[in-house]
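Same chain, two partners: chain A is paired with chain B first, then with chain C.
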Partner chain A sequence: MTSAVQFEKVSKHFNNVRAVDDVDLTINDGEFFAMLGPSGSGKTTCLRLIAGFERPTSGEISVLGEPVKNVPPYRRNVNTVFQDYALFPHLSVAENVSYALKIKKIDKTIRRTETENLLDMVRLQGYGDRKPSELSGGQRQRVALARALISKPKVLLLDEPLGALDLKLREEMQEELKSLQRTLGITFVFVTHDQGEAFSMADRLAVFNEGRVAQLGTPEDIYYRPKNAFVASFVGTSNVLSKNLLNSLGIEGFAASLRPEDINIDSENGIAARLISKSFLGSATRLSLEINKERLTALVDYAQGQHLKENDEVRVSWKSSALHMMQPAP
Partner chain B sequence: MIHTHTLPDNKGLMAKLSDLFWRRPWVLLLALLLPAILWLGIIYIGSLVALLVQSFFSIDEFSGLIKYELTLKTYLELLRPANLDIIVRTVTMATSVTVAAVVVAFPIAFYAARYARGRWKVVFYVGVMLPLWSSYLVKVYAWKLILAKEGILNWILAKLHLGWALDGILSIPVIGGNSLSVSYIGTFFVFLYVWLPFMVLPMQAALERVPNSYLEASADLGAKPSKTFWSVVFPLALPGIIAGSIFTFSLTLGDYIIPQIVGSSRLFIGQAVYSHQGTAGNIPLAAAFTVVPIVIMAFYLWFAKRKGAFDAL
Partner chain C sequence: MRSSQDSRAPLSLKTAAVCGLLFMHLPILLIFIYAFTTEDKTYQWPPPGFTLKWLGVTWNRPDVWEAMRLSLKVAAISTCIALVLGTLSAAAVSRSKFFGRETISLLIILPIALPGIITGIALRSAFSIADIPFSVWTIVLGHATFCVVVVYNNAVARFRRTSTSLVEASMDLGANSFQTFRYIILPNIATALLAGGMLAFALSFDEVIVTTLTAGQQATLPIWMLEELVRPRQRPVTNVVAMVVFLVTFVPILLAYYLIRDGDHVSGQGK
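Moving on, here comes the complex of A and B:
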């Protein structure tokens, strides 16, 4: 398998800020790859490095095996869907979509058919003559997608493309993007701060923290086997059990993660805990518990949580296999 | 149930008035707009219409009195070679000044909009506005001294042994002359200097609204910087350029001070209007001359709109 994008010891410094710090990363050809992290973690800078909007301070980036450090964005075989879509307001939808072909001086009739094909693909037939300002957020997003795909890039970069959409539309677009990626068979590199989005779409993802890759793996790896406390706490609502708490329970280790759904409420055995608060989530009930002055979150069935009241003393337990030992943050 | 009074009082005139404005928003709108409507409608547009009506009267050649009969005779007068010369000369000057202002102002506006931040933005605004704060006459006379044969420009060029270059330029027929201060080139430079801020500011405002992501998107789609400039930056800056050119163009068309102080003493439209309505007492012809810039500007805007200059608005 060839690599679509490869980072070799890549750093990017802005004045004294290390936005990207010594990153090694390989994105495989044809995979749906997500870069996940809080704002300021360096994920967007990595995307901009691939597109060529930023140049690395040190290290080398290769796209499809070719080093691109000295290649300007207009000569790279990657295209970008921008966070704000960046549709040209003075051009119609069709002119926006066919922009790349016009730059390449492609014949007008070919340009027209290609543009119509792309608009069909994103389900915007008949919208070609409108201005971007006349479209809804979801429609603009699809125009941006069509515009980025028209020159058939090998790698498509997406910068928080669903950030501006409402929840329902976002879920629809997640499905659509995923099936689009499968049909086209090209590499999608996707930046997001939403772990749900990353998990539901990506084949693999990199979790970023302070300019470094905190963990690289499949969604299952990251969710069930977080390598360190940062990943465990950032991804979902995993509990991080500190060294103190572990020791008080007679367990050796630096820190451990425990998924809220792995905590059971027992009436007899188990560790003593106090219920701080509970919230009704529909199918499940979320309990906020305190053990040895540390907070834990548990997710239990509605039936199990029904009779509990705040300030109740409860007993909790979990399977030893649910406890995942972690290393210090990188 | 006992009715309790818990809402804050609305005692006093201001409070009553505020409540009225809230209930009837159009009252506030009318109160705010009425002075402006009266000013614009009666004093401004009204007097302009009165002037335009004058242009359809004519002057009796023997008595020198105005004949109050509607006629196009005065407009025919405009087409006499001497008057047509004035119009062509003024329009040519206004066009050259506008084109030069676009070329000079664009890099300044581009820098200010895209790169200047914080302190440098302040330096930009002060630098562009400062010339507007000092008297227009002082600036024009200053330029006359700078451009004069005994002026500082000649002196510097002589020290640099570049006097021959200036002489070469001044020897060009029509636009040249005895010295810069009595040539069309001199008039052109002073016009350019005086009106430049009116081009820079609207241009900068237009460029300010072009986010970086548009430029990145264009590059991402394969456009080299020059291509991005012509297909993204320029069209989006065009409304600002048009706005600026309306200023520089119409201000040059109407000005009568600059060509009188710096230039070759051949008349511009503004000077023609001035002399016809003054000593000559030919108000109809002065009015007809005033119509010329208005018609030119209307035509220019119509053409710009047709060419899609305002599509980005």
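Moving on, here comes the complex of A and C:
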């Protein structure tokens, strides 16, 4: 299987800032790939490197097996859905969608049918004559998607495309994007800072931190087996157990992650902890615990947490397999 | 109810405003009236009678036509130069970061802040040092210095409001730089350029000081008018010409005003 996108020791420096720092990455053909990370972690720069808006300071990027060092953005078989959608304000929806075909000087009747097909696909039939300013945020997002897909790219890049939408619409679009990607069978590279979004859509994801890939893997890998403290704390609410705490419990290791739902309240044996606070979440109760002056968060059943009061001494335990050993941050 | 009453201006302020506007605009009306007077030596008030004969007289004066042609030519050429240079420099200043960008921006705007007499003297001495004979082209060069500013200011404002991702989106969809300029940038800045161009045209058309200092034997329309006032000969002809100049410059400025105002609704961003 050929790779859709490959980074080989790619770095991108802006003045003295290493936006992307020595990244090696392979995105497989036909997969839904997410780049996850806080703002400034280099994920958007990576996307712009693939699109060709930025050129790497060093290293080599290949798209579909071909090095793209000297290929300008308009000759790459890659299209982008921009964060602000970047719809052309002076053109109608149909003209926006058919722009790529007009540039390629494709026959007008073909252009029209293709545009109709794409508008059908994103469920915007009959909106062709409107101006982008007359559409809602969600509709603009669909127009941007249709416009990027009309020239049948092999790789579609999406730069936080759901960021400007409200929660309900965002969840709908997540499912829609996922099924669209399955139907088209092309590679989607999706940039987001929202781990929920990345987990629900991606086949694989890369977690970015300070211009480097902190971890690459499936959502399950990253959720249950974070490689380092950054990934563990950025992805969800995992507890990070420090070296000191581990040693005090008689465990060797640099650091370990422990999911809140893996901690059990155990009245007989277990480790002594003090309950700092508890909050009722509906299906579960969240406990904030202190062991050896370190805070841990636990999620327990309503029944288990019911009788506990703040400042209670409790005993907690977890299965040894739940404790996941980590390496130092990259 | 109360707030609408509160927001009303007192009568005295309204009177003052009306008087102020009349003070500014009545003299223009006087010029129009004198264009139709029967008396041709002095500006006598009230005019002893009204006639349309000066329109015909003006029509048959070759010197008026010559001055008019020169003015239109100079204004047209300097506007064209301003459109090209103004757009290019606006694009450079608003789209990229480079060393000395702020300085260049200031230097482009400077000619319009500089008194015309200084621009004129500077150009005049520069032309004589470089041994360039005074001609239509020296006038055009002089006018271009301030016409560029007008176009530049309009274009820069529009470029700033146009999202840079539009250009990237166009490139992403397969358009090269030329196609992107033609299909995306130009339509988005067109009204700003039209407005800037019209203002530039109007500025050039009635400019006197720089023209006086950079012209040789040629007389543009405003210069011709000044000469006529000094050596009166069929005085109302000057008024007829003044009326024409007023219309020729007023209409583009009015159009430019409406274009810029409407342009505010054209936002460059998808948000």
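By definition in this document, the second predicted complex is superposed on the first by the 330 of 330 C-alpha atoms of A that agree within 3 Å, B and C clash if a C-alpha of one lies under 4 Å from a C-alpha of the other, contacts with A are read in each partner's own complex, and residues count from 1 in each chain.
Quick note on the criterion: a contact is a pair of C-beta atoms (placed from the backbone, for glycine too) under 8 Å apart; a residue touches a chain by one contact, two chains touch by 3 or more.
Quick caveat: nothing in here was measured; it's all calculated off a predicted structure.
Chemist: Given the superposition on chain A, are chain B and chain C in a clash or a fit?
Modeler: With chain A as the common anchor, chain B and chain C collide in the superposed model.
Chemist: Determine, under the contact definition given at the top, whether A:S151 touches first (chain B), second (chain C), both, or neither.
Modeler: both
Chemist: With the two complexes superposed on chain A, say which partner A:W318 touches: chain B (first), chain C (second), both, or neither.
Modeler: Neither partner.
Chemist: Answer with first, second, both or neither: which of chain B and chain C does A:P72 touch in the superposed model?
Modeler: The answer is both, since A:P72 touches chain B and chain C.
Chemist: Could you tell me if A:A164 is touching chain B, chain C, both of them or neither one (first, second, both, neither)?
Modeler: second
Chemist: If you stack the two complexes on chain A, which partner ends up touching A:A86: first (chain B), second (chain C), both, or neither?
Modeler: both
Chemist: Look at the residues of chain A and decide whether chain B or chain C touches more of them.
Modeler: C
Chemist: Just checking: does A:Y224 make contact with chain B only, chain C only, both, or neither of them? Give me first, second, both or neither.
Modeler: Neither partner.
Chemist: Check chain A for residues that touch chain B in one structure and chain C in the other, and list them.
Modeler: Shared contact residues on chain A: 51-53, 72-75, 78-80, 82-84, 86-90, 99-100, 103-104, 147-148, 151.
Chemist: Would you mind writing out the residues of chain B in touch with chain A in their complex?
Modeler: Residues 211, 213-214, 216-224, 227, 231-232, 235-236, 308, 311-312.
Chemist: Within their complex, state which residues of chain A touch chain B.
Modeler: Going by the criterion above, the answer is residues 51-53, 72-75, 78-80, 82-84, 86-90, 99-100, 103-104, 147-148, 151.
Chemist: Can you list the residues on chain A that touch chain C in the complex?
Modeler: Per the stated touch rule, the residues are 51-53, 72-75, 78-80, 82-90, 99-100, 102-104, 132-133, 140, 144, 147-148, 151, 164.
Chemist: Could you list, by residue number, the parts of chain C that touch chain A in their complex?
Modeler: 163, 165-166, 168-176, 179, 183-184, 187-188, 266-271
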